[in-house]
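The structure's right below; bear with me while I get my questions together.
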Amino acid sequence: MKLTKLSPKILTLLALALLVIIAPMFFPSSFYYRIGALIFINGLAVIGLVILVGYAGQISLGHAGFVGIGAYSCALAPEHLGISPVLAVFLGAFLSGLLAWLVGRPILRLRGHYLAVATLGFGILIYMVLSNEAQWTGGPDGMAVQATGLKALLKSMGFKVSASEMWYWIAAVVMMIGALIALNLHTSPTGRALRSLHDSEVAAGTVGVNVANYKLSAFVISAIYTSVSGSELALMNRFISPDVAGFLHSVELLTMTVLGGAATVFGAVIGAAILTSLPQVLTVLHDFEHIVLGLIMMLVMIFMREGLVPSLAKILRRRPK
Amino acid sequence: MTLLTVEDLSIEFGGLKAVDGVNFNVEAGKIVSVIGPNGAGKTTLFNMLSGLYTPSRGRVTLAGKDVTNQPPYKLARLGMSRTFQNLQIFLQMSVLENVMAGCHLTEGRHIVTDLLGLPASGRRTRQSMKDALGLLERIGLQSHATDEASGLSYGALKRLEIARALAVRPQLLLLDEPAAGCNAVETEEIDHLIAEIAAEGVAILLVEHDMKLVMKISDHVIVLDQGMKITEGLPTEVAQNPKVIEAYLGVKATEEVHNALG
Amino acid sequence: MTRFNHLKTTALAIALAGSAAIAVPAHADIKIGSSLAITGPASFLGDPEAKTLKMLVNELNANGGINGEKIDLIMYDDAADPNQARTFATRLVEDDEVVAVIGGTSTGATMAMIPVFEEAKVPFISLAGAVVIIDPVKKWVFKTPHTDLMACGKIFEDIKARGLSKVGLISGTGGFGKSMHEQCLSVAGKYGIDIVADETYGPKDADMTPQLTKIAGAAGLQAVVNPGFGQGPAIVTRNFKQLNIKVPLYQSHGVASKSFIDLAGDAAEGVRLPASALLVADMLDDSDPQKAVVVGYRDAYVAETGQPVSTFGGHAYDAFHILVNAIKSAGSNNPAAIRDAIENTKGFIGTAGEVNMSATDHLGLDLNAFKMLEIRDGDWTIVK
Amino acid sequence: MSELLQFFFSGITVGAIYSLVALGFIIIYNSSGVVNFAQGEFVMLGGMSTVFLFNAGVPLAIAAVAAILITCLVGIALNKLAIEPAKGASVVTLIIITIGASIFIRGMAQLVFDKQFHRFPSFSGDDPFLIGGATILPQGVWMIAGAIAVFIGLFVFFTYSLTGKAVLATSNNKLAARLVGISTNMMMTLSFGLSAAIGALAGVLVTPITLTSYDVGIALALKGFAAAILGGMGSPFGALVGGILVGLIEAMTAGYISSEYKDAASFIVILAVLFVMPNGIFGRSTIDRV
């Protein structure tokens, strides 16, 4: 009897690691490292959303707000507090977690569409602060971010890599850590509690799950994931603008989550990979880009409503029989 | 020993008195059934007892503690768990995980340990798995442990809910129509299961339409009609009570009862 | 078993993404890159820019290209999203290996791209407005539109010439409005202008009467300036008339297209704004060296697209010609040589005016290149 | 005093736009439980189609009616092609489908129409009415009257007409509705068509004031959705009041506090209301049936 859930965890990690290592062999130019890095950065945020949406069954149309907090922490803290940009990642994560903890309790009392609007409003508030407080944030045109000094450090150690290449590996490692944590959670007692309230809050309550607290935990954890991804984005681009905190980015992240398969870490990465590379692929279509993007979103969700990875897995599993 | 005391419990929905001034007690290790025609307020009563609805009046005492208005998760900690008339299975989990989810209280809340996947986390999961497998064996579903819960038959899901509720290690178990939709064999199994649980000292409060089952296993029966308790007593007493026969059982059902007691 | 299937799926997804991306055509011609806001909130700027570039490239290639070599224009749509723009900048440099880049419709996108081109040493001519793009001077970065700082200066000069000084600002909260708002505040003192009211509106707002009511209530108000682009300024202008505010209204160069007059209707009467000569091509003296340039571009654009000309397309026109001239005079496709040639642009007559670049000035326009226009009888007139 | 009145006029004019969008939202929500994020695109299609037909020489009134019919067809197509096939999908999945639809419609619009801003003449001229020192445009009065008329129409429809009751029954319990002989598919199609038509009507009414372009939809959908939630999802009265309230909060904040944070103010109020009333102002509370 195969009861231990250990093996799927290791298999998912192995698959991700293989993907990370093998992909560069097919890169025609170092530009692809940047796409890879963006996929892993988005992937991290989406893994966070898998914990909130896939495990705990909550919805958020405002998570880009936390991307904004993570990103602007790395832009502002080195300048005003004099701490290193890398340290600022942790500061951003702490601030995001704290904010999520403060607003999460009242917001998460809401359900369904009401929760959607509350999170939407919350995200928009963060966006407005970032966009309006121009004396701090540079306003809608954005601001530059200090270099991490990592590249110089590598160079002094004798490694000469392009920025894109370096961030490919950094983002990959951070995402793998994020995936490991999310996979740990999935089969753990806490993960079961979260997943139970996904299916029935009432039943979760009667087996002793403090529904409000667990929802809040999922919200805080996912906020931290998203914040770290925002920090990575700021440090890699060395430039940041409020768009990363905007509603459209929230929708983009949620779409990645659901497209790949909201309940699986592997699906999250696939969803991120598709939606991140799609605009690059679709450039050949010029004016038809948005039409095709909209079509793909609709078709996948209509015909594979559990998301790509679970739906395809089901189809492939059925075939041999 | 009186485990559960219900005093003057009432609730209104937009002026309609769904439950009105209900009183009763449940003793440890006894099986108490709540019966009554459709719409009598049985499930509403359960929902108030288990903290889902807020009563407009009255008091619920569990093991000497006032638990009126307590949220469900606190009631679980105090030893109350339940099953549902409209199944509330965790459909995205395996059969085994459904029961393991019931072990939540013994597992405790250790989020950081779980996130980091520390050995203690695995230990707690393995302990729950052991307990859950034991319970699955008890309800005869051990061979389905790794199946998706959504694939089980209705009767099996009913038993799965009981196993999950037992995983909470309750002192008081609320069963809302555990035999509804089950065939004769399944009903028989559930009948045995309930008797066994009660024999271990767990108090059971039961809502059930299957009169045969009620009359056979109940130590005490409470009859509700239009939100009010019209009588209570031993199954035989209740079955003879003209008020009950008039308000609820009707002529045909009376015959059934007599046959059942036969 | 299922995990193995996951792997297959991934391989498929990667293969798909990869093959489609590689399918971009590659020529041995001179590759020029461009990333513009063809869609998104700044698309009414990016759209004429893109159309202008395509038109000019086709025209040049039909006439034999530069020294016999054809231009290959690789154009991406960044939708004014800085993160997208950054990605496309990397793609242009590392994958497409272009020799120079025109673009960045919005300031945000431009600023996000600059580090890429600075690091890769590829000349970059931006089409965005803000002064921060070229001040301080960055070695590889140039731009063609007048800065917002110049627009503020031109407007304040005109206000002062009318003997007025107490000004109310109503600015859009988008990048353009916000940046110009900051610049206007910074130079107001220099022109003896007193900002007596300072309000904003969102990019998609439908009614600005509350803000204008507040401005109208400011003590001693003598003129109102509206930094912003898009539909906002048209609504501001209409609300201005609705509230019957009796002081002069100034718009920015961000609305310098005929469609503004159409959208604002009668309310546009008497509105002044700084703009390039392109809008008043027919009114220029025949002796004006700009006349042939602006009339030629306007006629070609209208014939090609069937849409009225805007100064935004003009920025792309200027950038393209500056770049082509630089490639010609550099006599090579070497980015460094092209950069040096761009920096040496002297006496170039474009739609925005005469461009004279130098090591310390990567714009090369002065305030004279701006004309103060007033809308009368539904058309532009030049304020002398 | 005239200042306050001016802010009030501005607030209800803008609020009328939000109300119209919110009313469109709740029709679809009431029949299917779907929140249609493409609702804003209906408004855009109504405005843009009218503009292009009008510029092609079609008289304004006919252009407007044609635009409403075109949009109505798009709404029905959306239901048939994207919503019906996804029957039974989760809230998030349906949200993503309608967002996909909105991206698709916007992409089509930028091809079929263009990327410029447009308007057509106001119905009754541009000379403002002067009331107590404040002004309101005749078109603003048209918009407010339109929002109220649509509200009354919907109220009567849902409360008194058999079809309206059938729509509500469909949303409450699909199976039961089918058992009493209601064609639930028909009801869904009807509500999408109706909602699209109301969206297009909104587009026709507001374009002379707000102008239109291919991408005006998203912002309108956001505000309209927020307004519908504030009022209580599903209640026509809630949608009307929610929309007007959001408009008034924005105008008053812009007038008295800070124009920079007027959008923030409306969301802060919405959050505050939801914290106290988790089902909006006029929404009914839901009870778990277990």
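For reference, chains read A, B, C and D in written order, and residue numbers begin at 1 within each chain.
We take it that a contact is a pair of C-beta atoms (placed from the backbone, for glycine too) under 8 Å apart; a residue touches a chain by one contact, two chains touch by 3 or more.
Since we're looking at a predicted model, the values are computed, not measured.
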Chain pair with the higher count of C-beta pairs in contact (A-C, C-D): A-C
Centroid comparison with chain B (C-alpha atoms), farthest chain: C
Most central chain, judged by mean C-alpha position against the global CA mean: A
Whole-Å gap between the CA centroids of chain B and chain D: 46
Mean-CA-position distance for chain C and chain B (Å): 71
Between chain C and chain D, centroid-to-centroid distance (C-alpha), Å: 34
Chain centre separation in whole Å, for chain C relative to chain A (CA means): 34
Touching two or more other chains - residues of chain C: 39, 173
Residue numbers of chain B (touch at least two other chains): 52, 84, 88
Of all residues in chain D, the ones touching two or more other chains: 110, 260, 263, 288, 290
Residues on chain A engaged by chain D in the complex (per definition of touch): 53, 59, 106-107, 109-114, 116-118, 120-122, 124-125, 128-129, 132, 201-202, 247-248, 251, 254-255, 258-259, 262, 287-298, 301-303, 305
In the complex, chain A residues that touch chain C: 8, 11-12, 15, 18-19, 23, 26, 28-32, 34-35, 38, 131-132, 134, 139-142, 144, 163-164, 233, 237-241, 243-244, 266, 270, 273-274, 277-281, 283-284, 286, 289-290, 308-309, 312-313, 316-317
Contacting residues of chain D [partner chain C, same complex]: 3, 6-7, 9-11, 13-14, 17, 110, 114-119, 126, 128, 135, 137, 206, 209-211, 213, 215-216, 219-220, 251-252, 254-255, 259-260, 262-263
Contacting residues of chain D [partner chain A, same complex]: 29, 35, 82, 85-86, 89-93, 95-97, 99-108, 110-111, 218, 222, 225-226, 229, 233, 260-261, 263-264, 267-268, 270-271, 274-275, 278-280, 286, 288, 290
Residue ranges of chain B in contact with chain A within the complex: 50-52, 71-73, 75-77, 81-82, 84, 88-93, 96-97, 100-105, 107-111, 113-117, 121, 124-125, 128-129, 145-146, 164-165, 167-168
